[in-house]
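So that you can tell them apart, the chains are marked A, B, C and D in the order they are listed, and the count of residues begins at 1 in each.
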Amino acid sequence: MLLKDHKKYCYALEMEVRDYELDCESIVNNANYLHYIEHTRHKFCQEAGVPFIEMHKAGLDAVVRKVELEYLSSLRSGDTFVVYLGLERKGPRFVFNEDIFRKDGTPVLASVVTAVVLKDGKLSRGDELAEVFKPFLNRR
Amino acid sequence: MLLKDHKKYCYALEMEVRDYELDCESIVNNANYLHYIEHTRHKFCQEAGVPFIEMHKAGLDAVVRKVELEYLSSLRSGDTFVVYLGLERKGPRFVFNEDIFRKDGTPVLASVVTAVVLKDGKLSRGDELAEVFKPFLNRR
Amino acid sequence: MLLKDHKKYCYALEMEVRDYELDCESIVNNANYLHYIEHTRHKFCQEAGVPFIEMHKAGLDAVVRKVELEYLSSLRSGDTFVVYLGLERKGPRFVFNEDIFRKDGTPVLASVVTAVVLKDGKLSRGDELAEVFKPFLNRR
Amino acid sequence: MLLKDHKKYCYALEMEVRDYELDCESIVNNANYLHYIEHTRHKFCQEAGVPFIEMHKAGLDAVVRKVELEYLSSLRSGDTFVVYLGLERKGPRFVFNEDIFRKDGTPVLASVVTAVVLKDGKLSRGDELAEVFKPFLNRR
């Protein structure tokens, strides 16, 4: 869901834990949070008008360079949660702030994902993408 | 969603392909279909009133003995699909017929999952579970 | 490892359970067995001289049509196991019999995977592949 | 493999890309690197004498609080790679430096994983674990 009047975030996606994502401690395995935030970025791009597959066909590839994850609490079987996404541009880099909260408001994960844009395989300034993302960029 | 008046199926769950489920041929990797049908069984059990975790705490474990999967067509990025579930009892075995259709009606997967019930770790007739599942059992 | 003098199997691959493959019952999640047997087929094809990527580039795609899995016992943290692979041809279909045993000999999984070969996207008789696989085909 | 005379790393594990880990761009999906480094930590703990399952039974749980991943190049089908692990203690925190190199020496991933130790569910100083890890701690 695109968020129009939120200061920090421009997109939110509600998801639910699936039991196959749990590990032997009955909590969601750490790697699945990367899946959650990747899926949220792709859905955001799609709703913002630039599906990954289309971008790829147009010779543009957003490539993740860096991920920072802070685990605040664990998701468990039956939990519903929301991934919030905020977007900033720093030179050629696009910085996604993606935070997960359990439906009851408990903070679960804080993350920062830094991506660059390759144009025909070469590092670019990402101007085409910046143009599309303009209405969503955080201007803090 | 529990289906009350359907002859073959008693439950349906709509889902959507996530890009991390694709493999290098840009189609959903075969193993993910097992995830889709497992998640559907767990959601069905939950809505039918017997969440897996609760069952487990009560000493009852439904254990998969056999899975047959027929791949009819491939899911791709952006596809939405529905998993339909039908349930039969054959002696001590519970047989789940789980069929996946793309939102446009294209058949994607036909599967049969056979499970038995362990009570305190030993094979049981599964009568407690059969009682709960009674309204949903297929009586063809 | 290609097996030269075995009657039933022509390939064996030793692997080890990774803890992220366990689910909340501390056993390997059912879907991971599909990963194990897929990885074994790909390694077999590679050692037999036809890596999947090469096949794909040559316009040949082996596509799984059917999978039957029988779960005999569960793998757990720390387990080492061997996937054995046997291969038969039935008309245009290639049938992989893949059985998993724990290192101590305990049967874990029996599976049958049926694949067909698409040539430039169309169903073919698979003669090119049959030629390559000839030394490995089971002639029971 | 425990490394006795290396200044930065105390453990190394060789692995190989499995085709089901690739995504639709034919490179290993970002989330799988978390699997690689988690598996390496677990193998290290096991060889250092404290398997996760044993720790857990003794009431000690190492819990990941923070992960930083820097993606330097992509792994592809057929690649073999080595995960190197170094360990430091910073107060109650254990800091794992885990770096991945392709077999030909190309840097693939640099990561820092920070964990704390819960004793019977409460944050502890981790002295028991520090004792076990003593021979492996980096003293830069």
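Keep this in mind: a contact is a pair of C-beta atoms (placed from the backbone, for glycine too) under 8 Å apart; a residue touches a chain by one contact, two chains touch by 3 or more.
Just so you know, these numbers come straight off a predicted model, no measurement behind them.
The interface at B-C recurs elsewhere; of B-D, A-D or A-C, the pair that shares more than half of its residue-numbered contact pairs is A-D.
Of all chains, the one whose CA centroid is most distant from that of chain C is A.
Centre-to-centre spacing of chain A and chain C amounts to 35 Å, using the average Cα coordinate of each chain. The distance from the centre of chain A to the centre of chain D, with each centre set as the mean of the Cα atoms, comes to 24 Å. In this assembly, the C-alpha centroid of chain A lies 30 Å from the C-alpha centroid of chain B.
For chain C, residues that reach two or more other chains under the stated contact definition are 19-20, 24-25, 31, 35, 38, 53, 77.
Chain contact summary for the complex, chain A toward chain D: residues 24-25, 30-32, 34-35, 38, 53, 56, 61, 63-71. Residues 18-20, 35, 38-39, 42, 46, 51-53, 77-78 of chain A touch chain B in their complex.
The part of chain C that touches chain A in the complex is made up of residues 19-20, 22-26, 29, 31, 77.
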